[in-house]
Structures are given as C-alpha cells and as structure tokens.
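These notes open a run of structures that come right after.
Next, two complexes with chain A in common: one pairs it with chain B, the other with chain C.
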Partner chain A sequence: MTYLTKLIDEYSQLPLIIQLAWAISALLIVAIIFLIIALQILRKSLRIRHKEKVTYKKRYEGKLINYLYGGGVSSLLTAEQQRCIEEFKNVVHLKHRRKIIVSILFNLMNQITGEMTEAIKTFYFKTGLIDSAIDRLHSKKWHVVAKSISELSRFNVCEAKDEVAKFIHHPRPEVRTETQLYFVTLFKFDGLHFLDEYQEPLSEWVQIQLLEILNQFDDQQICDITPWLQSTNDSVVRFALKLAQIYNQFEVKDTLMELLTHPTKDIRLKSIQVLTSLYGIEAKEVLKANFESLSIEEQISFFKLLEKLVMPDDEPFVEKHLFHKNFEVQLLAVKILKSLNKDKFMGLSTEVYEDSNPKILEFVKSI
Partner chain B sequence: MDTSSLNIILKILHYIFFGYAVMAILSYVVLSFISAKETLLYMKKRSFVNYKHILSSTMAPPITIIAPAYNESLNIVENVRSLLSNHYANYTVIIVNDGSSDDSLEKLIAAYDLEKVNFIINEKIKTQPIRAGVFKSKNPAFEKLMVVDKENGGKADALNMGLNISKSKYVACIDVDCLLLQDALQKLIKPFLQNASSKTIAAGGVIRIANSCTIRDGELIDIKLPKSFLVRSQILEYLRAFLLGRMAWSRLNGLLVISGAFGILDKDIAIEVGGYDTNTVGEDMEIIVRMRRHMEEKNEKYRVSYIPDPLCWTEAPDSYKVFISQRNRWTRGTIETLKKHRKIGFNRNYGFFGLLSYPYWLIFERLAPIIETVGIIYFTILVILREVRWEYVLAFITLSYLFSMLFSILAILSEELTFNQYKKKGTGFKLILLSALEPIILHPFVLYAAIKGNYDYYFNKKKKWGTMIRKGLATS
Partner chain C sequence: MQKKKIVVAEDNSTLSMLLKFRLEKEGHELFIAPDGKQALEFIQEHEPNMIITDIMMPFVNGLEVISHVRFKLNKDTPIIVFSAAGQEEMVLKAFNLGANDFMSKPFSPNELMIRVNKLLD
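For the complex of A and B:
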C-alpha cells in the first residue's frame, strides 16, 4: 500500500507531459492486453467454427443426398423426404448452420439437373429457407439485402419478383447489381426491361455478368434493343452495343449508323466495331467522308472495318493513308493495299518514300 | 553563442522531435481507422461477388502479363508454368528476357516448344533492341505465351518492351519469380470495371511472403510461418503496410505506389506518360506518380485502387545483407521519385494528391529515417554531456514502443478477421511475440538501410539495383 502511495506521489510530481505519456502508455498496455486476448479468442473461435463447418457440411451433405435420392416415382415427397425436411426445419433458424445448408444446396444445384433441381427448390421452400431470405430483404443492412437477393436468384425464386423489384434503384450499387442479376437469371431477356428507364450507371463489371448469364440460356431469342441503343444513359447504350454484337442484331444497323455521331467517343468507337462485326458496309462511305475529323482511335477502328469490308474502289483512299502518322493505321493500310493490289504493294516496297516505315513494308511482305 | 540562445535552439529541437512524433502517431491512428473501415466494407462486398462469370466470359477485357526476366534460368520454366495456370479466360503472358547471360531462353524454347515468329513492334516507348527475336509456342497448350529476347536494359526497359508489344487494354506487371494466385487477375481487374464514375488507372493487391510455404506445380499448397526471424519480421511489416496503410490511402485515393511485384496498369495511360523510367531504381512508384500527375494535369477523374486480397506471393530476403540492399534500393527509389516530381508537393493545382499524399510521403517516409537519426545523434550528445532527463526518455520510449506493438497487433487482428492465412495453432502467439521483438531487432536494420540509401543516393551515384539472391519458390 505504501509502495503504491509512493508511486502515486512520484507520478503527481512529474511534469504534466510525462504524466500524460505514462497515462497513454497505461492505456496502450490495457489495449494491447485486450487485443491479445481478443486475437486468441478470435483464432480459437475461427478454428472451432471451421471444424464445425467441416463436420456439419459432411453431415448435412449426406442427409441432403439421401433426400434427393429418396424421392419416389411421383412428384410427391416420400415419408423419408418429409422426415428430412422436418429435421432441417429445426436448424435453419441458426444463422451459421443455415449458411452451411444454403452453400451445400447451391453446390448441389450446380451439379444436378431436371427433377432434382425441383426437389432442391421444394426443400428450399418447405424448410423455410425462402422465408428467411425474404425476411432478410427487409434488413436495414444493404449487404444483407444484397446477399438475400443473390440467394433468391441462385434458387430461382421467381415468387419474390415484386419484393426484389423494389431494389432496382437502390442507392447502393451492389444491391442494384444483385437485383439486375436476379431479373436476368430468372426472366432471361425479359429481365432486361429495367434498362428502359434506367438512369444509374451500369458498370462494365455488371454488363459482363449480365451477358454471361444470358449466354447460358438455350433460348437466344432477344428482344428489340433499339430503345436501349437510343438511351440517354451512356452505359445502357454501351451494353446494348455489346448485345448487338453478340446476338448479331442486323435489324439495328440504322440505329448503329446514328451512333457514329454520338457525342461520346467510346460509343462512336464501339459502334464502328459492332458495325464491322455486322458487315455494316453502309458505314464505310460515311466514315470515309468524315475520316479526317475522326479521333485516332476511330481512324484505327475504321481501318479495321476496311480490312474486313474492303472493295477495289477503296484503293485510292487506302493509298492516300499509306504513310499516315499513326503506326497502326499505316500497318493496316499497307496490309489492305497488299490484299487489293499486290503489284502496287510490291512496287511500294522497292520505291523509296520519305515517310515510309521500312519495317512495316518488310513485315507485311513477310506475312 | 550564449547559454540562453543554446537553450532556445534546444527547445526548438525538442518541439520539432515531439511534434513530428505526435504527428506520425496521429497519422498512423487515422490511417488505421480508415483502413479498418475500408477493409470491412470490402469484405462485405466480397461476400457475394461472383467471379465465375468474369472467368468464362469472352467479353472480359484482355490482360497481358508482362514478366521481365534476367538470369532466372534456375526457376524460369516453373515460374512461367505458374503464370500460365491462371484461371482468367482472356490473358496472355509476355516474358521479356532482358539480355540474360545464362541459358534462360534455351530452357524456355525447349520446355515450351517455342519458335521464332515474324513480329513487328510499334516502338511507342524507346527500348533496347530485340536480340534473338520474338518466340511463340508451336504447342497450342501454350498459345497464351510469348517470349521476347532483347538486349539488356534493366527491369524498366524490359517492362517498356512488354508495353510496346501488348495488345491488351490492361497490363499486369509482375516479377517473374512471384507466385501469382490463380484467381488474382479476375480479382484485380474488378476495380477497373466497376468504377463507372472515374477511370481506374492502376490497381494493386496484397503481396505476401512465401518463404517456407509449400508450393507445388505453381500452386500454393501450405502456408507456414518461416523460422527465420528476419523473414517473419518482414511478414509483419508487410501486413502492417498493406492492411493498415495502403488500404487507407486507396480509400482516400492517395496511393503513390503499386508494388512492382504485381500490379495492373491501364496500358494507354502508361504509354501516354512514356512508360517506365529507366533512370530510377524505384520504377514502380515513379510510374504511378507520373500517371497520377498526368491525370491531374489533364483534369480527368481517376483512381488508383487497391484491394486487400492476397494475390501474389513473393520471396523475401533471408539474409541481412540482401535485406539491407533491398531497403537501400527502396529508399533511393523514393528519393528519386519525390525529387523528380517535387513540383507536385504542396501544390494545390494537384488537389489532394499534391496537398496530402505527396507531403505525407515526403515527411513520414522520405524524412523519417533522417529525423530519427538526427534524434539518435542528439540523444547521444545529451548522454555524453549528461544532460539527459531520464524520466522523459523512459516515458517516451515506452510510449513509442507500446504504440508500435499495438499497431502491429492491429495488423495481425485485421489479417485474422479478413483472410486468416496463418491458421496453424501457435502461430498467433508467435506473431504477437514478433510484434514485441520486431521494433527492437529489425527496426535498427531498417533504419540503417534507409540511411545507407540516402548516403548512396547523394554520394554513390553509380549504385543501381544491387543483387537479390533468390533461392526460388518453385523448389520450396
């Protein structure tokens, strides 16, 4: 006691700044001890949780496979399947176990087809997993909502359509993304109609995901994309351009021609690329006429279009750009000339031109 | 000088040291708070991201991996195999053999059935010329691979050659001896694709230390904590730097460096700024600063992003000599970059970049070892003059030591809460012990290397890269 009193006395006699330093040090010691304990508890709980996960995964996987193969001839559930559902009903309210069950179900969904998929969906509905997912749609936490939409989408729950539709303009992009993926996964091209009046940016990441989902369907009957090509939202136009290219939308060539004068450069550029893939010969004369006013990227794209759709009457134009200041345009022009008029090309390679790039000529000659 | 003037000078010095220490501590506290918040947000987002679609998509943007190699004969075949085993659908690998004097090229030709091909290079950035040529594989299994053999010009020059050759919109620049995780490209390309409002010009992820880890066929099989104290300490350093530092700077859009071990750049911007600088030893930092400066001067919205996922595993120096040489080079690289771009510092025309990022690097990275050394010298003089007030010394050394330990433990906790890579029993205790010992044992070497870096920069201009003796990850 006297020792402590002496210590306190000495402390109070120290300059204020040292008192402060020691006080902060004491706080830091407490914080360090607390963090060390927290770290040990965390590591231990992570280990336990991992072990639990392995155990339950093994156990539930076995039961779920029995459930799937325990079905009868009719679509009605057998007694064994009913028993399995009842058993799972008692555990789905436990968050950790529910996550394990959902992940097993989802893995199974990826491995099986046909009636068994329906059996999983029935299981998802009857055990109350669907109710839990729909309940979570009302959460105030955006990531809980996003996860829940993702789950509903994975298990093809069309019944939640109206509930999910509310999130299409959610302030969080992640929630909007999951909503969009839900609609396209479940309603294919019809699910894209949210684009009609969509004003939020649609990132490249989302666009790729939507296209990949669409690509998985057998039915590739696409709806009219003209309104999206004419959208005031540039990201929607970019997405529609991708659709036009992938699904060979020859019907929208006129709209694509209009996009050649779009105020956004990368849309003009992409339009040239799409027209190239759609053999949009109409674009050639328009672009030729405006060639000098095009950006360098557009000029390169145009020459790529020309490489594919070149005609003998394009020769004077190509010749005019044989010594273009841009390497890629020059290379493409020389290649095109070779394909159009080999004699002229051979003559070109032997003549000395002030601005010629001998490497390009040599390279094109060798290919 | 009379006693009162001396006293005033001493007082000023005290205030400088004290103010600097307080500012440094406060900045660490603020950065770790921002990092924690950003990491939690990232983990929430990551919990439902589906990378499956980007993997199989032909619409996924093409990426070129550029890996410069110089005398890597020992592991080159295995390292290239690891690069070719990435899960991303749309990528190519360019190995730039930078004038190696060993048999790297012959080994690659034999292992991957390479043949010389006709190839024309658009030399947008000036580089050393091609030596043996450009090679591609006859075997369709290796169609993604291209090997370029050129005259020696250094790492930056080799990367520039890769930039000239690449036809992709994005380039992933990587050290050939790093182990790139199979899902690294799809994770790191995401920041470029998800930002609709601003252009991402560069992105990086966490680099981890692979010494003692088990690697088989280019795949990381088992993660172990190395036995060497030096390597272990670097693990802790990397955790602190990547999980607590860079994450915060990424949130603030103030990152000045993407590790040269692995990072993705927007190729057009990298070429627009003239590619990698061949006259610096810190080319990875320099190009990011130059790209940022370019975007600021163009007045375009941009981001340099960073993700906390461990994407790439590298071999750390396991001898003090090599460690000092590496840190010496890092210091010189920082000095060179900051000096070259000094126009940015405290310049409001560069916004946040000029008013906060640059000054932070200047004050707390560039000047830190100098201020620390001046402090040590000053303290020594006081000891000799018997002017030390030990109650101050004891209080402040304890405080700074405890703070350093706390900061390390926070980094460990952050790692456990997010990626939990060091799962083995007992590792937690070892890491805590490390956080207690590292400031005493490793820090003096770090300081020495930084001071030596300063000395070499000003008085030993001929010094360039220094040697990094590698034992190789593939054989671990």
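For the complex of A and C:
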C-alpha cells in the first residue's frame, strides 16, 4: 500500500508531459492485453464452431446418403426415408444446422444428376427447408431475402414464383439480381418477361449472368424481344440487342432500324453492329443518307456494315470517303474499294492524291 | 461379382461418401482419398483394380495421379476421371496421359456404376 502511495506521489511530481506519456503507455498496455484476450476468445469460439460444423456435416452427410439410397422401387418414400426426414425436421429450425444441411444438399445437387436430384428436392420439401426459405423472404434484412431467393433458385422451387416476384423492383440491386436469376434459371426465356415493365438499371454483370444461364438450356426457342427493344429503359434495350445478336432475331429488323435514331449514342452504335450481324441491308441506305450527321464511332460501324454488305452501287459513296479524316474509316473505305473494283484500287496507288495515305494502300494491297 | 479394390480420389466429402456407399453396395472395397497425395499412398499400398479420380484436387491433382500410375508405377489399372464444365482441355490431357474413361460433373451415379463394371470386367 505504501509502495503504491509512493508511486502515486512520485507520478504526481513528474512534469505534465511525462505524466501524459505514462498515462498513454498504460492505456495502450491495457488495450493490447484486452485485444489479445478478445482475439483468443474469438479464435477459440471459431475453432469450436468449425469443429461443430465438421461433426454435424459428417453426421448429416451420412444420414442424407442413407436417405438417398434408402428408397424402394416405387417413388413413394420408404419407412427408413420417412424416419430420416422426421429426424431432419427436428433440426432445420436451428439456423446454424440448417445452413450445414442446405450446403450439403446444394453441394450434392452440383455433383450429381438423375433421379437422385429429384430425391434431394423431395427431401428439401418434406423436411420443411422450403418453408424456412419462404419464411425468410419476409425478413427485413435484404441480404437474408437475397440468400433465400438464391436458395429457392438452386433447388428449383418454381412453387415460390409469386412470392419471389414481389422482389423484382426491390430497392437493393442484390435482391433484384437474385430475383432475375431465379426467374431465368427456372422459367428460361419466359422468365425474362420481368423486363416488360422493368425500369431499374440492368447492370452489365447481370446481363452476362442472364445470358450465361440462357446459354445452358437445350431449348433455345426465344420469345418475342420487340417490347424490350422498345423499352424506355436503356439497359433493357442494350440487353435485348445482345439477345437479338446472339439468337439471330431476323424478325426484329424493323425495330432495330428504329433504334438507329435512338437518343442514346451507344444504343445506336450497337444497333448498327447487330444489323451488321443480321445482314440488315435495309439499314444501309438510311445510314448512307444520314452519314454526315453520324458520330465518328457510328461512321466506323457503318463502314464495317458496308464491308460485309457492300454492293456495286455503293462504289461512289465509298470513293467519296477514301480520304476521310478518320483513319479507320479511310482504311475500311480502301478495303471495300479493293473488293469492289480492284483496278480503281490499283489506280489509287499509282496516282498521287493529296490526302491519300500510302501506308494504308500498301497494307490493303498486302491483304 | 468378385470383390475389387477401388481408390476414389475426390475432395468433395459428400460425393466421395455417396460413391463409397454405392460402390460398397456393389461389393467392392473402397479407399477414399480427399486429395491426390493420399490417393497415391493408397495406390501404392493397396494396388487397386480401379482408380476413380477428380481432376482438380489439392496438393496433387488428377493428372499427376494418372501420370504417376502410368509412368512411375507402370501400371495399366483402369482410371476414370471426373471433370467439371470448362475442363475439356484437362480431360484431353488426362486421356493423353492414359485415362480410360471420363465423366463430366454433374453425373449420374447409376451411369458411373455401369462404366465401373464395364472397365472391371
């Protein structure tokens, strides 16, 4: 006690700056000790949880496999399967264990096909996991809703369609994305009808994911994409243009022609590209007439279209743009001229033109 | 059918458990390896009649397992390879190294049984 009093006395006699330094040091030491203890507790609890997870995983894997191979000849559940379902029913309400069960089921769904996937789906329904996923759709936390939709999508639960449809205009993009993926995964091209009235932005990444899912289906019969090409939502139009190009939608050529005058530049540009791939010869005269009012990018795209769909009567137009201010247009014009009229092209290299680019001529000559 | 030794190298515990259950039901003796390294140990220790291996595995991958069996141990044990979507190039490499058959994930366990029995006959 006297030692402590002496220490306090000595401390109070120290200059203020030294006192402050000691106080900060003591505070830091306490903080470090506290953090070390907290970290130890955290590590221990994580280890326990991991151990528990591994134990339950092993236990549930075994039981699930018994369930899968416990089936009889008919599609009805055997007594053993029924007993297994009852056992799981008692634990699916526990969040941590439910997560483990769902991850095992999903893991297996990714690895195997055939009648076993149907048995897994039956298991998902009978154990009440589906009810739990649908209940979680009513959660106030957006990430719980998104994960729940993703789970319903993974287990092909078409029955939750109406419940999930409510989230198509959700304020969080993550929830909207999961909803869109749910519809396309389960209802293929019909699942894209949410685009009819979609006003939220459809990101490039989501578009790629949707196209990837659509690409996996054997049935590539696409529905009418005209309403999406006419959408007031630019991102929907961009997506519809991708669909038109990938699925060769020749029947929407007229709508694509209308898009050549769309107020958004990149949509006009993409429309030219899609028309090029769809051999949209009708676009040629329209673009030729408005060539001067087009942006440089559009002019380049148009020349690319011309390169593919050129006719002899296009020669005067091409000739007019041989000395265009843009290098790419010049190159394309020379290439097109070479394909149309070789003599005239050869004449270009012999005659000296003020604006001609001899390097372009040499290059085109060599190809 | 005569009891045959099969080494299954698969890092997915649920799938390997499922295969063990199914193949043991057929009367075979199974050795489950969670990675290629342990698979090689099982192969050297038990001299199996068949090897079923995934391509992508920790430590030693499926291609290395095939290569070890064919070129180091000089064995012609039938090998079935599991591959996932997008691993077509790996499958070609596996065949070049001496794999006998392959199955793309997701696969049907019943189909696998047919292939296993065919190769074991």
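By definition in this document, the second predicted complex is superposed on the first by the 270 of 367 C-alpha atoms of A that agree within 3 Å, B and C clash if a C-alpha of one lies under 4 Å from a C-alpha of the other, contacts with A are read in each partner's own complex, and residues count from 1 in each chain.
We take it that contacts are C-beta pairs under 8 Å (C-beta built on N, C-alpha and C of every residue); 3 or more make two chains touch, one makes a residue touch a chain.
Computed from a predicted model, the values in this text were never measured in an experiment.
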Which superposed partner A:Leu211 touches (first chain B, second chain C, both, neither): first
Chain A residues touched - chain C or chain B, whichever exceeds: B
First (chain B), second (chain C), both or neither touched by A:Ala38: first
Touched partner set for A:Leu28, first chain B, second chain C, both or neither: first
Chain B versus chain C as contact partner of A:Gln111, first or second or both or neither: second
Chain B versus chain C as contact partner of A:Leu68, first or second or both or neither: second
Touching partner for A:Ser271 - first (chain B), second (chain C), both, neither: neither
Touched partner set for A:Thr179, first chain B, second chain C, both or neither: neither
Chain B to chain A touching residues, read off their complex: 44-45, 47-48, 50, 53-54, 56-57, 59-61, 118-120, 122, 124, 190, 192-197, 391-392, 395-396, 398-399, 402-403, 405-406, 409-410, 412-413, 416-417, 420, 423, 425, 428-429, 432
In the complex with chain A, residue positions of chain C that touch it: 12-15, 17-18, 21-22, 25, 105-111
Chain A residues touching chain B - in the complex, by the definition given at the top: 14-15, 17-18, 21-22, 24-25, 28-29, 31-32, 35-36, 38-40, 42-43, 46-47, 50, 143, 146-147, 150, 173-174, 178, 181, 201-209, 211-213, 215, 235, 242, 246, 327-328, 331, 359-360, 363, 366-367
Parts of chain A lying in touch with chain C, wherever the complex brings them together: 57-58, 61-62, 64-66, 68-69, 104, 107-117
